[in-house]
Structures are given as structure tokens and as C-alpha cells.
Amino acid sequence: MEWFESGWGLSLVVFLPLIGAVVLLAIPKAEEETQKWTALLFAGASFVLSVLLVFRFDFGEAGMQLGTNVDWITAINSSFHIGVDGISLPLVVLSTFITLLSIIYSWEHWPEPHNPKAFLILILILATGMAGTFVALDLILFFVFFEVVLLPMYFMIGIWGDRDEITIPVFNITTQMRLYASIKFFLFTLFGSAFMLLGFLVLYFKGGRTFDMLELASNGAEGLLGSGLAVWVFAALFLGFAVKVPMFPLHTWLPDAHTAAPTVGSVLLAAILLKLGTYAFVRIAIPILPEQSQNWAPVIAILAVIGIIYASLACLAQTDMKRLIAFSSVGHMGFVMLGIATMTPIGINAAIIGMVAHGVITGLLFFLAGSMSHRYHTREMARLGGNQTLMPIMGAILGFTAMASLGLPGLAGFWGEFMALLAAFSPAAGLSTTLFRTLMVIGAVGTVLAAGYLLWMLQKVNFGEPKDEWAGHEFHDVDIFEKMAWVPMIIAVIAIGIFPRLVFGATNDSVIDLVAKAFGG
Amino acid sequence: MLQLLATANAALLATEEGGHAAEALSDGGLLASMAWLIPVVPMVAAFAIVFYGKRMPYKGWDIAIAVMGFEALYGTALLLAHIANPIAHDFQIEIARIGSMPIEWGWAVDGLSIMMYFLVGVVGFFVFLYAKGYMEGDIRYTWFFASFTLFAGGMLVLVSAPNMIQLIVGWELVGVSSWLLIGHYWEDHANSSAAIKAMITNKVADVGLFVGAIIVSMSVGSFRFSDILHAVETGAAEAPTLARYAFWAGLALFIGAMGKSAQFPLHVWLPDAMAGPTPVSSLMHAATMVTAGVFLVGRMFPFYLTEGFATEVRSVIIIVGALTLFLTGLIALVQDDIKKVLAYSTLSQLGYMTAAMGAGAYTAGLFHLFTHAFFKALLFLGAGSAIHAVHSNNMSDMGGLKKDMPYTYWTFVIGSLALAGIVPFAGFFSKDEILASIRYASGEFSVADGGGSLASIVLVLAISGAFITAFYMARTVFLTFHGEYKGDGHPHESPRIMWVPLVGLAVPSAVIGLINIPGATEVFTKLVGGREIPVLDHHAESFDVAMLLAGLAAALLGIFIGWRIWGPDKETQPARDTFRIPLLYPLLENKYYIDDFYMDGVIRPIRGPVARAINWTNGYVLDFIINGAGLLAMSVGKVVYWFDQRGVDGAINASGAVTGAGGGMLRLLQTGKVQQYAILIFAATVIMVGGLVIWF
Amino acid sequence: MILGQFIILGAALFSLGVYGVLTRRNAVLVLLSVELMLAAVNINFVAFDTYARDAVAGGQIFSLFVIAVGAAEVGIGLAIILLIFRNRQSANVDELDLMKL
Amino acid sequence: MIDYHALAPELILAGTVMAVLVVDMLPVRKYWTAVIGLVGLFATIVPILTLGFCESLDFCASSGVREMFGGSYVIDTFSLVLKGLFIGSAFVAVLLSVGYLESDRFWQGEFYFLMLASVLGALVMASSRDLVTMFVGLELVTGPTFLMAGWRKGEARSNEAALKFFIIGVLSAAVLLFGMSLVYGVTGELTFTGIRAGSVGVLDGDLSGLFIIGVLFTILGFAFKVSAVPFHFWTPDTYEGAPTPVTAYLSVVSKTAGFVGLLAICYLAFGEVTTLWGTGLWVLAALSMTVGNLIALRQSNVVRLLGYSSIAQGGFILVPFGAAIAADVTGADLEEAFFATVTYLVIYAFMNLGAFGVVIAVGNRLRSGEIKDWAGLFSYAPGLATMLGLFFFSLAGIPPLAGWFAKLVMFRSVLASGSGWAGALAVIAAVNSVIAFYYYSKVVISAFMEKVPDGVPVAEIREGRTAPSLQFALLLTTLGVVVIGVYPPLVSGLAEAAKTFATGF
């Protein structure tokens, strides 16, 4: 296993899906079964290897492991430096896990216009981008992976997305949902990441001429920048990361993208893509620019809490089930950002478990919303109702997932929310306790609103008598592929809820180490 | 008002003396170390029922009743062991570590939790037994028992909690399973709305619980109750952070308790929770859920009692308790739905418990919780039995059931007498202790300062409450079981599976008060006092005769007036029940308009205009900026493109028009398109060159 | 030698050329105007060369190149103009607006 | 003495040009002219390689910089890399032309003759270090392209493109020459080194006015070549009207030659007067990016869109120098600018040629360059559509396609100088790269996400075959765009070698 631990294992986890995509290219379009099995094979192999990583991972060690550092673009001092620590490990596993389940789910659920080959290729490319972002330790490598996910997602939304006509408010332009959403998604993210890249480059030139995250952190790059410049660098990074998270008020791409995307697209978008932004805050912003992170922490925290309340209230006004779930993501990511903004080990731990939990739970919610709209051909909650009668298992899973989403203790979602609030009680030294404690209370109020919109959603969707329009319809309850995709997620939600060490066990040491290095203990 | 609070505090603080000498505590041996089974078994069983229940002979009820039987036995065993030799021990299993704080699952085995294990087990057992008969033929029979088991299990997780995290977990599990149970008949919109109301009201209170738990845990640096209470024990000087935020923490925790224990003004969910099947109401109002709040205050009691910590919060607690017991009792008077009467009576009794806690009477409050659990479960089951027979919840459809339903009648009367506080039934002893405690507090208060009369007012309210309780219970008994039958069909006594539990609960309702006669049998005092950190509460050494007489007199008066109004003349009962006192009646009928205020003043605006405004902002403000920026770029592109293609013509034509007289010039410039490009190039060059020549 | 006068001559010729390019409608005349500009360039080169007494006579050599290249350009230009004339019976440059907005 | 090894690329190409003419006269199939041309281009690569790897070769007489003709003609790594780029681009451009010309029965022999002659001019420009050689090289590049632009003789648009191109071309050549004459007059020198030496302190002298006009007129001549705003007006019309392979050639080879000339003359000749043109380049870069992108937003024709896009891309290429000079950077940091420019030029060649290749292939089948007519391309020609996506998103700079690296090094060199002016230009560039994505994606949206319009003979098109030469060209460029994108050192190594040009500046 020497080879495995010297970076090959990690590289395979990242690149196997990409190899799979290339292999898929060679398979004729007609042979759909072969395509599916190929995709499953590569995604499965990537997942198995990522689990193997967990077993080879030394949990007593806070630093980077199982990685490698080889030359890549020597001309600009950028190298192929990868590795995992406790912070990235859960996220890597999460990304391979969700990818695998997405492929399983897709088996019999192809959005229009069909074309499994192209769809699977996109999923696999996405998988590489997602896993790659979590293991990259070089800013340029990170940037590339960070951006690689854009194109597949753009095409997924644009080609397989929702074909409903929408009218853009104020300007009265009518267009198809998927076209508007896909380009909005891309432009937003590109805008953010263009500035993020500028930030990276300034870091490079002023922070010791290296793109290596670890070196930048240990070099004290921030000191080299000088505070005047560091503000701008942080602002640039913030823009890039915050768009991806997304943080209020940069979130408006998200409801559209999630609503328009095909089911698997929404799942991947919610489960993994959003995490890239928050992960970057933890991995890049805090270690490299600790002082600026601290200066900006109140702003981030305030925006995060505004996001929580704002998104929850917006949820209450939604009539479209998917859009509701999409807005709820903004709220949940608000808790994650609040945790990060406290700059404490507890807060960052909370953020990471929040990311994992949100990934699984909201992913599952999107699966459910997708499957339901596939059956009912509508996502209007007013037209649903009585789903529990028509499809008892689906309804039960929806109920379970909604409970998990509102942060029911004992399920995965609780830890992220509660621990983030916990951390807000005593933020890192130098941050205003009054502010953070106020935010803690407001954030806690957000949980009430979250309960409100989720329960009312359940009431509208699941409860009551079925509407007359469904009389005579034969609805197939959850099918085998859906079960195969969802049961592991349900198990994960419960397992993490009951035994959070599954995540904290990996993250805690690394987070303590990270915070200690950034803020000197 | 503040002045009042402050002086009341001074009074209340004075009660913090006495207490019990710490006895030698044992770790409980095998019985305690295996007590993890108590919360785990029902949780596992709930899932087992979901997946395998339908294949069982009794469709899952068999699993559920076996579990509850186990709980009752284990609870009883622990109780006996504890009485014999007080046990106080925490077991903690670390499940994660966050920062330097461990997160743990565990189980506490001490007086307080053992009392709750026993209570939940025994009352639960009877209710589950009864539920088999009551739920027979239900469309979701198996599912009901799964969620019912989860409900009981959640409560056991809660009471077994040795730390804040687990308490919250159990707390929310209870909440969510109550949501499932209240909304059991979710086909009807009203039922699911009631379920949501319960959950959301509880969630509002949970903000308090969260905040309180966070403040306390973070100040101490541990989630463990033992650590927190130990910090309290060592005093404010040793735990300055905790002491500094003690008021807010205590208040926040109490707000949490107010939700679960349905204290005014967060009581609104409980009456609506009647939408669930009657066994649910029975268990929810007796041993589980509503007791959680009082339990929490009991768990954290030293924190509220110790000088330098949250002592000031106690005046809030006692006021809230008194208001609840009095105001909700009045509402019970005007209800027609028998379950609603009982629901408001539960609220009122919870008010007693809370007031007792506020008065610093740990034992009295918990003792009332204990006795109340038996007779309230009994009353609900009895009411359920009547409902089962009549197929209506309304007392106006009942009447004269006495002769058809003897078991139900007699057990219901026992329950009612216990609730009314008639000697020697259980409620008499517990209520008396509460009155005595409050008087003790108010007495001290009067001595301290002649100004306020807070505790005295509370005492008056409490005694009036006793009167009201007896009054509405008399009304209920007479309207339901006496008089003429007003419903359809012929009511029959319920099957044995339903009346056996009634009898089973009637016995403790009658006699269990005897276990804690002041000065004589202080079993319960020792029971709940057996904790690792001693609870230094006030506990009467003997009967407070004045209070005993006052309480008893109020109760008897209530029964007497009730009998006078509804008792003697059977035919005209309903007519008298429709008697409406102006002003007061509408107020009570509309529950002081609190529900309306919440609905129209808070929920609807938030769900409606506020949410829509936010959504509007999203589309019309934020997106407007984004789309506007995009479209602006497009329009600028259009302008630039126009200029690129036509602008040169335009500029030239314009200049030509200006210099119109110079026709030659104009003609010269009316040139081809290629030349326009050339002109522009030259113009650009000339500008650049000119600029630079001037510059240098 | 009076350099200034030659420079002025060159500049004047150049300006005349520019004027011609900008105002003539006929493409052949435009082409001739460009030749006028090239002539101005040649005058400059030769004048500067002589004034500076350039040892390698760079200016003069350059002017030879300019003459040669100019001739080639005229060849190309006339070919294009002929082509256009053949296609649309006109060599007016202001009619070239097929691809305008 | 003449170093024939050093001159071998030019000589071989010149020989090829002759051979093409001769073969054209022989009674053989006309595509043999193309084959000869391709072989010749391929052969030209050989001496470039031997010169480049001279150090590790036994027969190579001397290594390092080779100077000839009194320093007027120089072979260094910079010129070698660019020569390689020219040859490679020309190779692809020829491949693009073959099918196009055959299908429309154009005159083939002369076309390749002209194209190769133009390439020869580009090779000369890369090495020339005096005004005369530079001018001759430039004219050799430009002259044949006038004719190539008008190659579709019967079509009015093509004629118009040629005439516009010609008139603006000769006009700017005249302006350039006038500028050169003034520069010569003030400094008395024609070689770049001489001019640089002679221009020390000239701005403070009596002749500063003449010198300024000279320098600016010279730069203007090149600005026309690289179609920098506001000297870009001919570009869209010419690009649209000219045969598409010619447009491809113009937008890559001819444009790159312009950049090479601009760099050489600015740095080597006008190195002492950076204040004079540094700000100018900054403005040109900012204007080109912004105006090019904004106008491209409005385009409905793919070729015209690519025309404006290439204007904007030209702006991006100018950014490193605009920033570096505005920030008054010298030495090692300037190497970054050269590195960035060369990298950008190489990657730009791949992606732009590829984009035009797709446009030719699709245009051949659809007979339309209107974006809306391309709707649903993915459904009936998935391969071409995918390549379209690759090239257009590469142009937009989205990883992992090669364009991202070009943009990255561009930003990198800007920020290397670290001044406020440079930062401002970086921000402008960043915003522009977002705008650019919008119009590139417009084409992609049409091709991938919209329904096939009525009346498109889908079945027929599906049957249609892309010429093998075009397929080969597309394969080359696709591979280039993807492989470079994933492993940029392939390009950065070349650019590393070329950046030594800046040393000593």
C-alpha cells in the first residue's frame, strides 16, 4: 500500500471519474447499458478508494496526509500538491458518495432530452472537479478544480433543465428557466472567481512567491502583504468564495439554478458545489489571512445571519417545492458561515459537520423533490397534497428528511446548527462577544422559521386528502433505484446524528491545529 | 414592577435554607449501569415496529406493550433500589469531541431521573394497554404504536440525560413525535395545523432552551449537568462567567421549559393538541412532554436556588406559574369538549408545579408532577372511554353515563377528587405542599419588607385556583355522568382492555399521596432529593394547617357550588351550562384572544406580507441589480456598436450641419465608409499626438 | 543644407495624401493619394539621410524599398479595384456598406 | 558571413513558396500544391528545432544568439519560439483552407503561394531588428492577405472586405513609414539598437515634437495590424467578408506578427522612451477589451462575433505590457510580461484556429453563420458541437481548457508589477472576462440548448462529411486546447525560453 499512501490513492480518487468520462466518450451512443455500468464502475471505484483513504488515514495526525507534491507548472511555481487532512477528508468522501448515488439514481431517471452518455460524462467530470477542490493544496490547482465544476453544471442546467417559461421581473423578458438559470449561475460564479484569482495572484507575488497554501500560511503571507493590501486580497477572495457558498446578498443565482437544474444536478449542486465556497474559507482564507479573517468576521457573521433569516422568510413565500428547498440551502449555509465566522475550533468543526449534513440532507430533499415532480409533473405545492396517501414511502422519507433539515437533534443536521450557535457565544478573542451573542439569538430564531417552512411544506405536500386531479392516477411509490440511492443517505443522516464522531473524529484535531496556527493558539 | 420583582426576590431568597443532609449515595451497581436500556430499548423498538410491526400478531402493539412493560418494571426496580439505598450516578460515553469539549451520550441514574423512569414506565404501560382497545381498527394502527413508542422513548432519552446535549436531543424527539401523534389524522387539515402549532410553539420556546443551554455550557466549559451543578455548588466566585450570565441563562432555560410545560403565554399549543388520539393526550398531559419543562427546572434547580446565580429568575417563574394556574383554569370552565376541559386543567396544574418551583419548593413541585401524572392520565383515559362510547368529545352530547359505564364513572370520580385536592386522594397532599411552600415564601416576604405583596397575590391565586379546579371538575363529572343522556345511540362500557388500565391508574391516584406526608412518610422527598449535588430546597417539616384548611375548603366549596348548579336537577343541566356571564364569557371563550393574537398578529403577517416582501426583494431588488447590470452591459454594447458603425457618420453630419455655410467642407466630408474609418484613425492619432506634444 | 524646408515639404505632401485618401470617392484616386504619402516618406528619408550624412546610406536604401513595396501595393490595389469594378461597374469606395449595422 | 543554419527556416519556406508556384503550373491535381505547402511547412520546423536545441546537438556550430547583417537580423529563442508558432499556425490554416477551397472550386495554387509568402514575412518579422527589415517583413505579411481576403471573387462581400482591408492597410503602412522616417531623422539610425542609443535624452531636445510624432505613427501602424481599438474598424467587416480560412489566418498569424513587431520595436527601439507609449498601450488594452467585448455582446453572426472577440483578445494580449510599462517595470518583472504575452499568443493560436475550424465545418453544412441558425447543433452534430463548446469556452478562459492558463499568466504578469495602475487594468480585465463569457456562451446556448429551427435539413447534415484535412486540423487544435489546459507546462516551457528577450532591458 506504499503507492496508495504516496498520493496515488488520492489522485485516483480524484481522477478515476475523469478517466471514466474519457472512456465513456468512446462508447457508442446507443449502448446505454454499457455507459451506465462504466460510469457506475468508475464512480464506485472512486468511492471505494475514498473509503480506503479513511482507513489509511492517521486520525492522530493533524497535518496533511496521503498526498503528494510534484511539479506541475514550474514556470509559475505552481505544483500538483494534494493531500487530505481531517477537514477535507469528510468532504472528499461526501463528494464521491453523492456522485455514486447520483449515478445510481439516474439509472432509470433520465431527464429530457435523454442522452445518458453526455449526462454521465458531465457527472463524472463534476466528480473530478469536486473531489479535486477538496484535496488541492496549491492555489492554482485549487482554482482549476474550483472552475472545472462550472462547465458540467452549466450544461446540466442548460440542457436538461426546466423548460418552463419565466418572466424576469421588472424587465419583462421572457425566457426559459434553464437558460436564464444556467447563464446566471455561470456569470455569478465566474465573476467571483475572476476576482478570487486576482487575490491568489497578489498573494503569490506579495506573500513569498508561492502558490502553496501550506507555505503561504507558514510564511506569514499576511504580514508580507501589509494590512493595506491584505484587505483587498481578502475582499477578492471573499467575493469568490461568498458567491459560491452563497452568502446573502450574492445568493440570487442559487434559487434559480437549483430550481431549474435536473434532479441530479440540484443534488450535486446543493450537496457538494456549495461546499466548495465554505471549504475555501476554512482552507484558504483563515490560515493564510488570519488577521483579515478576523477583521471581516463580523461582516461575514452578520451576512450569514441575515442569510438565515432572509432565506427562511423567503421560503415561507415559496409555492414551488424545489425553490423552497433551494432557499433553505441559503439558510443552512448561513449557519455554516456563522460557525466559520466565529474563528474558533468549535465553530469551524460545526461548519464542517454542517457542510456534510447539509450535503446529505438537502441532497436527499432534492432527490425527493425531483422524484415527486417526475411523478406529478408539477412542483407546485398547492397542487400536491395527500402525497402521504398516494405514495406512503415517499411521503415518509420526505417527512424524515424535512425533520433532518430542520435540525432535529439526533439527526445529522442538528450538530452543525447547534454547534455554530454554541460557537457564536464565545467567538475568537478579539471579536465582539456582544455582536456574536446577539447573532446567536437571532440565528436561533432562524431555527423556528426553518421549522415553520418545513412543517408547512409537509402539510401542503404530504398531508390532507389528495387533490381531485390525481383521482384515477396510478402512482408508483419509491422504486428500487431510488431506494438504493436514498437508503444510504438516510443511514448516513442517522449515523452522523447519533455518532457525530464520524465527522468530528476526523475534523477536530485538524481544526484545532488550523486555528492554533492561524491565531497562535 | 421591577421593584416588585426585586423585593420578591429578597423574599424568595430567604427560603433557601433547610434541605436534607447528604446521605451516602451509591453508584447503583448493575441495575444502574444497565439503565441505558431504558432510553435505548424504546428507540430501537420504534424502528422495529415501523419495519416489522405489521408482521407481528398484534400489528406492533405487542412490541410496544412489551417495551412499556419493561420500562415499568425497570423503573419500579430502580425506584425500590433507590429508596433502599439512594443511587446517584452518571454514565457518559464520549461520542465526539469538539474543540476541547466532549460530546457525550449517557444516562443519569439519580432520584430525579429514577422518579421519571418510574412515572413514564408505569403510566405509559397503562396508557399503552388502554390504547390497544381505543385504537382498534385505526387506519394507521402500527404506525401509531411506532410513533407512540418513539414518543415515550424520546421522553426517556430526555429524562435520562446527564448532559445538555442529550437533554436537547430528547427534548426535540419528544417534540417531533408529538407532532406525529397530534397530526395522526392528518387527512384533516385542522389536525395537521394543530400539530404544527404544537411544534412551532415548542420551537419558539426552544430558542430559549438553546440559548440557555449554550450560555450555561459554554460558561462552564462542559455540557454535563454534574459539571454545571458542581460549578454552581462551588459558588459564584469560582464560576464568574456563569454567574455573570446566570440571569439570562436561567431565564432562557425557563423560556424553554415554558414551551414544553405549556406555561402562559406559550400554552396555546396544548389544548389544540387534543387533535391527537386520546391515549396520546393522556400520556402527553401526564407523564411525558408537559413534565419536561418542570423536569428541566428541577434538573437545574440548584442553579435557580444558589445565591449569585439565577435566583432572580425565580420571581419570573412564580409569576408565570401563578398566572398560568389561574387564567387557564378559568378557561376550563367554559369548555364543552371534555378533553379540552382536561387540557386546560392540565395547564392549570402545570402552573401549580411551576409556581412551586419558583417558590423554591423542589420537592413540592415534583411531587405534584408525580401525583398529577397518575390522576390526569386516569382522567384522560376515562374521558376517552366516554368518548369511545358516545362518539363525540362534547359534554353536551353526553350526560347520564354513570349507569352505563360504572368502571369509567367511578375511576373518573376518583381522578376528579384527586385533581380537586380532596383528602386523602393524591392531589390533596401534593397541592397542599405547594400551597404551604408558597405561603412559606410569602410569609418570609412579609417580614422582610412591607412593600410588595407578590407572593401573597400568588398565594391568593393558588387558593382560588384550587376552588376553580374543584368547580370545573364538578361541572365535568355532573355534565358527563349525571343528568340525562343527550347523545345518539346507546353508550356501553368500554372493553376490558380499556377499563383495566383505568382501575390500574385509579389505585395510585387514590393512595400515592400518602408516600409523602409531611413529618411522617417522606419517601418522595428522599427519592427526588437523592442527587449527586444536593438540592437545598424548602421542605415543610409538618403540615401547614392553615393552608391545608384553606385549600381543602376552597376545593369543597368548588364542588359544592358545582353540585348546586349542575347536580340536583338533571333535566335543566344544559340550560345552566349555557348561562353566559357578559364580558368574562367571551374573554374565556376566546381564550383571552391570545391564540388570535398569535395567529393574526404574528403568524399570518410573517407567512403572508413579510415573507412575500422578502421574496419580492429577492426578485425585484437583488435580481433587479443583477439583471440590470447584465442588461446595462448589453445596452452599452448596443450604443458602442452603433457608434462603431454609424457614429462616425453622425458626428460628421453633425459637424457638417454646424458648419453648414462651409458647403465645400461638408461635401468633402461626405465620403465613403472606408474613409470614415480612416478619419477615425487619424482623429485618434491626432488626439494622442497632440496630447503628448503638449505634455512634453 | 536646410532640413526644415524638406521636412515641411514632406509633411505637406503627406497631408495632401491624407486629404486625398479621406475625400476621394474613386478608389483609384485614393490609391494615388496613398502614393503621394509614400512620396512624402521618401523625401523625408532622403533628406534625413543626406542631412545626417549616414555612412551606410540607410535612408536612401529605405526609400528604395519603399518605392519597390509601393509599386507592389499598387499592383495589388489595382487588381482589387478592377475586381470590384467588374462586379458592380463602380469603383466608388463610399458604396461599400454591405456589412454595416 | 551568412549563417545558413540560422536562415534555414526562411530559406526552406522560400523554397516551398517557389515549389508551390511551380507545382501549380504542372498538370496535377491542385491539392498537391497544398500538400507541398504542408510538407514545406513541416520541413521548416526542422531547422527551428535544431536551432532551438542547438546546445545538445553535435553538428550545431555555435549556440546562443546568432546575429547577422550587422545586428539587423537576429535568431534568438524568442524569435525561434515565434517562428515555430507561425509555422504551426500556418500549418493549421492551410489545413483549414484545403477543404474550403476545394468545395468552392477557388483558385488553389496561388492561394497557398500567397499564404506561404505571408508566413515568410512573419518569419522575417520575428527576426528583424531594424526598421527596413521590419517594414519589408510587415509588407510581406500584409500584401498577400489583401488578395486572400478578396478570394471569393464573385462575391461582393469578399470584394468589399478586400478593398477595405487594402485601403486601410496601405494607409496605415504609409503612416507607419512616415513615422519611421521621422524616427530615422531624429536618431539617424535604422537598427533598433542604434535608435535606442540615439533616443537617449531626445525628449528633452529640440526635436522632441518630431520624435513623438514618429514614435506614435510607428506604433499606430502596428496597432492597425493587431486591430487594437480605436484602430480596429476594418476588422469585423473584413473578417466577415473574407473567406473564413483567411479570416482564421488573419486573426492568428497576421495578428501575431503584428504583436511581434510591436513588441520588438517598442522594447528594442523605443526602450528609452517608455513614458511615451506605455500609457498608450494601457489605454489601447483597456479600450480593446472593453469595446471589443461590449460590441461582441450584440453580434448575431458567428464570424463577426469572433471578429470582435479577437479584438477583445488582442486587448488581453496587450494587457501585460500596458500594465508593465504603466507601472514602469524593468528587468525580471518584465520577463513576466513577455512570458505572459508569448503564452497567450500560443494558446490563442490554438483556440482561435480551432474556433474558426468549427465555424468552417459547421458553415459548410449549414450555409449560415447566423447564431440562431446554429440552434440545436448538438442534437445532430454532437462532435462538432462539443468542439465548438471547447473552443469557445477556452476563449472565455474556463478551466480546464487552455484559455484559462493564458488568462492566468496575463493576470499574473499584471499583478507582478504590483502598481495601482496595473491593478486597475487587472480589474478591467477581470470584469471583461466575465462579459466575454456571456457572448461565447450565447453561441454555445444556441448550439446545445435550443431546438433545431424548422427547415434545417438535419438528416442531410448528419450525413455530411467534414473534409479530412479539416478533421485533422480540428483534432490538432482540440488536442492542443485540452492537453495544454490540463498540462500547461507544454506551453509555459516555450514561453519561458522566449522571455529572455526581456533580459537586459
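Order as written gives the chain letters A, B, C and D; numbering starts at 1 within each chain.
We adopt the following convention: a contact is a pair of C-beta atoms (placed from the backbone, for glycine too) under 8 Å apart; a residue touches a chain by one contact, two chains touch by 3 or more.
Bear in mind the structure is a predicted one, so any value in this text is a computation, not a measurement.
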{"item": "Given chain B and chain C, the chains that contact each of them", "value": "D"}
{"item": "Pair joined by the larger number of C-beta contacts - B-D, C-D", "value": "C-D"}
{"item": "Chain B and chain D, separation of their C-alpha mean positions in angstrom", "value": "74"}
{"item": "Centroid distance [mean C-alpha coordinates] between chain C and chain A, Å", "value": "65"}
{"item": "Distance from the mean Cα position of chain D to that of chain C, given in whole angstrom", "value": "26"}
{"item": "Separation of chain A from chain D, taking each centre as the mean of its C-alpha atoms, in whole Å", "value": "41"}
{"item": "Junction residues of chain A, two or more chains touched", "value": "187"}
{"item": "Numbers and ranges of chain C residues touching at least 2 other chains", "value": "21, 30, 93, 96"}
{"item": "Of all residues in chain D, the ones touching two or more other chains", "value": "163-164, 167, 171, 175, 438"}
{"item": "Contact set on chain A toward chain B in their complex", "value": "168-171, 184, 187-188, 249, 252, 255, 310, 313-318, 344-346, 349-350, 386, 388-389, 403, 408-410, 414, 418-419, 421-422, 425-426, 440-441, 444-445, 447-449, 451-452, 455-456, 459, 462-465, 498-501, 503-505, 508, 511-512"}
{"item": "Footprint of chain D on chain B - complex, ascending", "value": "630, 633-634, 636-638, 640-641, 644, 673-674, 676-678, 680-681, 684-685, 688-689, 692-693, 696"}
{"item": "Interfacial residue positions of chain D with respect to chain A in the complex", "value": "339, 378-379, 382, 389, 393, 398-400, 404-405, 408-409, 411-412, 415-416, 418, 426-427, 430-431, 433-434, 437-438, 441, 445, 448-449, 487-489, 492-493, 495-496"}
{"item": "Interface residues, chain D side, partner chain B - complex", "value": "163-164, 167-168, 171-172, 175, 203, 208-209, 212-213, 216-217, 220, 224, 230-231, 233-234, 276, 280, 291, 293-298, 435, 438"}
{"item": "Chain D-facing residues of chain A, complex", "value": "29, 71-76, 113, 118, 140, 143-145, 147-148, 150-151, 154-155, 158-159, 178-179, 182-183, 186-187, 190-191, 194-195, 197-198, 201-202, 204-206"}
